[in-house]
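What follows is a group of structures, each given as structure tokens.
The following pair of complexes shares a single chain, chain A, combined with chain B in the former and chain C in the latter.
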Partner chain A sequence: MNLRDQLLQASKRASAVLADVGAQQRVRDSGYSRIDPVAIAEGGGVPVMVRPLDKLLGAFLNPEGSPGILVNSQRPIGMVHLTCAHELGHYFLGHETTTDEHIEYGEGASPSERAANEFAYRLLMPRWLVVHVMKQKGWSLTDLPRPEVVYQLSLRLGVSFRAMVWSLRSIKFLTLPLATQIAAHSPKALKEAVLPDRRAPAEGGDVWVLDPRDQAFIIEPRAADRFILELPNHAGAGYVWTAEEASSAGFAIKPVVVDATRHDLESGPVVVGSSATLSYELEPSAAATSTDAIQPLGLTETQPWNRGAPRDHVGLRAHYETLVEGLSRGTRQRRLQEAR
Partner chain B sequence: MSTDDASTQRLEMAARLREAREYLGMSQEEVAVALELSRPAVTNIESGSRKVEAVELERLARLYGRSIEYFLRGEQPKLDAKVAFAARTLHGLSSKDLDEVARFAEFLRSSGSKGSRSKK
Partner chain C sequence: MQVQPAVDFSASFGPARNQGQRSTCMAFAMSDLNRDAAAAPAALSAEFLYQTAGALTPGWRPGQGLRTVEAIRATQAPGQPLDAHFPYQAVDPISTDHPVAPAGQPLYASAFALRSPAMQPIIDALTRGHAVGLVTRVTLGLFSPVGGVVRNEVNVLPGQYHALLAVGWGTAPSSGMRHLLVRNSWSEMWGLSGHAWLPEPFVNLHVVEVFGR
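The block that comes next holds the complex of A and B.
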């Protein structure tokens, strides 16, 4: 089989796997916007092991017909997902044991590596999912040349910034020159640009810019991540946004002091004093970041002196990703159950 | 075997049992529930302050995907399989990464989902 056919087969296999697990339905019904390659592996009876490794991103092992996937916990989460999907590609495409120091393979790479790469891209970033997230966020193709939009898109799909760029290129949402230009931006600089203190989170943490459109999603952050909330501004009429006590126990919000920080990325004119949105920083409690459940965050826009009905309400949902070393949760639970 | 030897062996076995559980990311509580032991029993087994019955050791070994001999005497799986595996697929990995890959391969080999099910 030639390379072209192998890549096509990998792409079709990824689509078939997504259909088998009902991914499209899950995204539509639940609000989760990520494909979870670990859950797909577990569902197929393939154990996943998460370990701190030196140089390896991951490995697909198949000793004596007992397949398993090893991934490096010491990499940013988008990379962990991509690696797991890549190794899953080796599994579904019937490849031999293989260890991967890289998963983004250029044209010189072996056909099996390129096929596994193609599988990973199609599994985590299928065209329908990209379209779905863009639609919910109100982004159109004309927004994609903005690297900060591509970065926010990558967070909702749970992949690295660069993989997102090249995936948008491969589904022809970006031209090659644009993709090349966007890929040259550093994710760290994109994170710093939106934070009031200009300090990117430690440990490769991400920065989510959330607005009322994110009510469509259950976002899946990690403990080190930070959040900027952009909410409609009616401060002129005395309205302020506050967290509802009953439905946002795990979070605190505080206004971001307005200076020029929010505007230097945007090309439009800066309207001083009457901007349409106000920025808040959302701060999760330590308990919130270690809870493995959907956590609500309710915000209301009220006039502090007026006890009447709020002007507006925003309800966000977060489900923290808690990647712990050892067997993946599903693998571990299955094993414990079988020991009974 | 003197009492000293016996207690050394028990302590070593206890350390291996703890390490094997931690490798898999299982809590003492989870292991206790799965094997119908009390939580303190697992804690005490792993500190060497409680003797391990043969049946218990067998079940622990199966859960952790390692041999009984390994826990008793620290005997590693045959090296030739490991070396052959390494020679076939690995090139220039750090020794830590090589160990991790070999260890997970051994785990899969000895306890692959097929193996643990057919034993029942």
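The block that comes next holds the complex of A and C.
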């Protein structure tokens, strides 16, 4: 089989796996916006071990027909997902044991590695999922040349920024020159650009920019991530957003402010009244970030001195992704059930 | 009271009004300023002024705020009917067309201009008995006056501006600090029956435009 056929077969296999696990229905019905390769591996009876590794990104182990996946936990979460999907590609494509120091294979790589990579991209970033997330967010093809949009898209699909860029190229949503130009942007700079303190989160944390359109999703952040909310604004009428106590335990929000003595704020006549949106920073508590459950985040816009004022409401949902070293949660549960 | 009034003609404007969720603060402040200057017998139509000033603004869409310069132009020509003859609406208009003035009703007009955003000229105008329009940046403290006084702070909500009408001034006996008494359009529930005191450092730092006679 030539390389072209192998890549085509890998792509079809990924589509078949997604169909088998009911991925489209899960995305449509639940609100989760990313494909979980660990859950797919566990569902297929392939245990996943997550642990720190020195050089390796991951490995597919298949001694005596007993497959398993090893993933380096010391990499950004998008890379962890992509590595797991890549190793899963080796499994579904019938490959032998292999170790991977990198998974961005170029034209010089072996056909099996390129096929596993094709599988991973098609598994985590199928065209229908990209279209679904873009539609929910109100993004069109004309928004994709903006690197910050591609970065936010990558967060909702749970992949790295650069993997997202090249996936968009492969489904022809970006031209090669545009993809090359966007891929040259630093994710760190994209994160810093939206934060009031211009400091990217520690430990490779991401920065989510959320708005009412994210009510369609269950977002899956990690503990180190930070959040900026872009909310409809009536501040000029005395309205501000607050987190509802009853439905937002563990979360607080505060408007993003600037020091008027340190910025040149006006360069001409000002528009008096509310602008369309206003930025807030969302701050989760430590308890919220370690909770393995869907957590509601209800927000209300009202006048602080008048609780009887008309209220606007936004309801977001977050399910923190916790990466525990050792056997993945599903694999552990499966082993326990087998031992009983 | 934390501030001792030197000049206070807030009562002559009637109860503070409520703009609801709309971006109409400039229309309310300018309407009350016009009511004072044109000696109108009752509250003037903020709705008419909002729609007229919006129609005069290039590229304006209903729901957006106003610039002071177009609000001044709209107040001068065609002016405004009484609020009772062109009442305020709960929601924004659909059209950007000039509103049609109610037939057979007088329009009240005044010639205003942008003035110095400094404390002393504002106090001088108030002392002469003239209300003064203010455009201020929006601070978090503006939402919640304490004891009727807006706290002074340097942080502001970026890109947010609010229009108020200065209707008096006074001095805090404890500090000697001068304050402006402002009438807001956030209902009578805000501050002191819809009014509050702005300390001089707040005025100096955050009031970016002043308009009046």
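We take it that the second predicted complex is superposed on the first by the 321 of 340 C-alpha atoms of A that agree within 3 Å, B and C clash if a C-alpha of one lies under 4 Å from a C-alpha of the other, contacts with A are read in each partner's own complex, and residues count from 1 in each chain.
Here is the rule we go by: a residue touches a chain if its C-beta (ideal position, glycine included) is under 8 Å from a C-beta of that chain, and two chains touch if they have at least 3 such contacts.
None of these values were measured; they are calculated from a predicted model.
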Kindly classify A:176 by the partners it touches after superposition: chain B alone (first), chain C alone (second), both, or neither?
neither
Discussion item. Per the contact definition in the header, classify A:55: touching chain B only (first), chain C only (second), both, or neither.
Written reply: first
Touch test for A:234: chain B only (first), chain C only (second), both, or neither?
second
Message: For A:325 in the superposed arrangement: first (chain B), second (chain C), both or neither?
response: first
Taking the superposition on A as described, I'd like to know which of chain B and chain C A:275 touches: first, second, both or neither. second
Report task. Would you sort A:68 into first (chain B), second (chain C), both or neither based on which partner it touches? Result -> first
First, second, both or neither for A:47, with chain B first and chain C second
first
Between chain B (first) and chain C (second), which does A:99 come into contact with in this model arrangement: first, second, both, or neither? first
Interface residues of chain A shared by chain B and chain C, listed none
Residue set of chain A touching chain C in the complex reads 233-240, 255-261, 265-266, 269-275, 278-279, 303-306, 310
In the complex, chain A touches chain B at residues 45, 47, 49-51, 53-56, 59, 61-68, 70, 96-99, 324-327, 332, 334-340
Note: in the complex, chain C contacts chain A through residues 19-26, 64-69, 71, 135, 137-140, 143-144, 154-163, 184, 186-187, 189-191, 205-206, 208-209
Chain A partner, complex, touching residues on chain B are 22-26, 30-31, 33-36, 59, 62-63, 85, 88-90, 93-94, 96-97, 100-101, 104-109, 111-117, 120
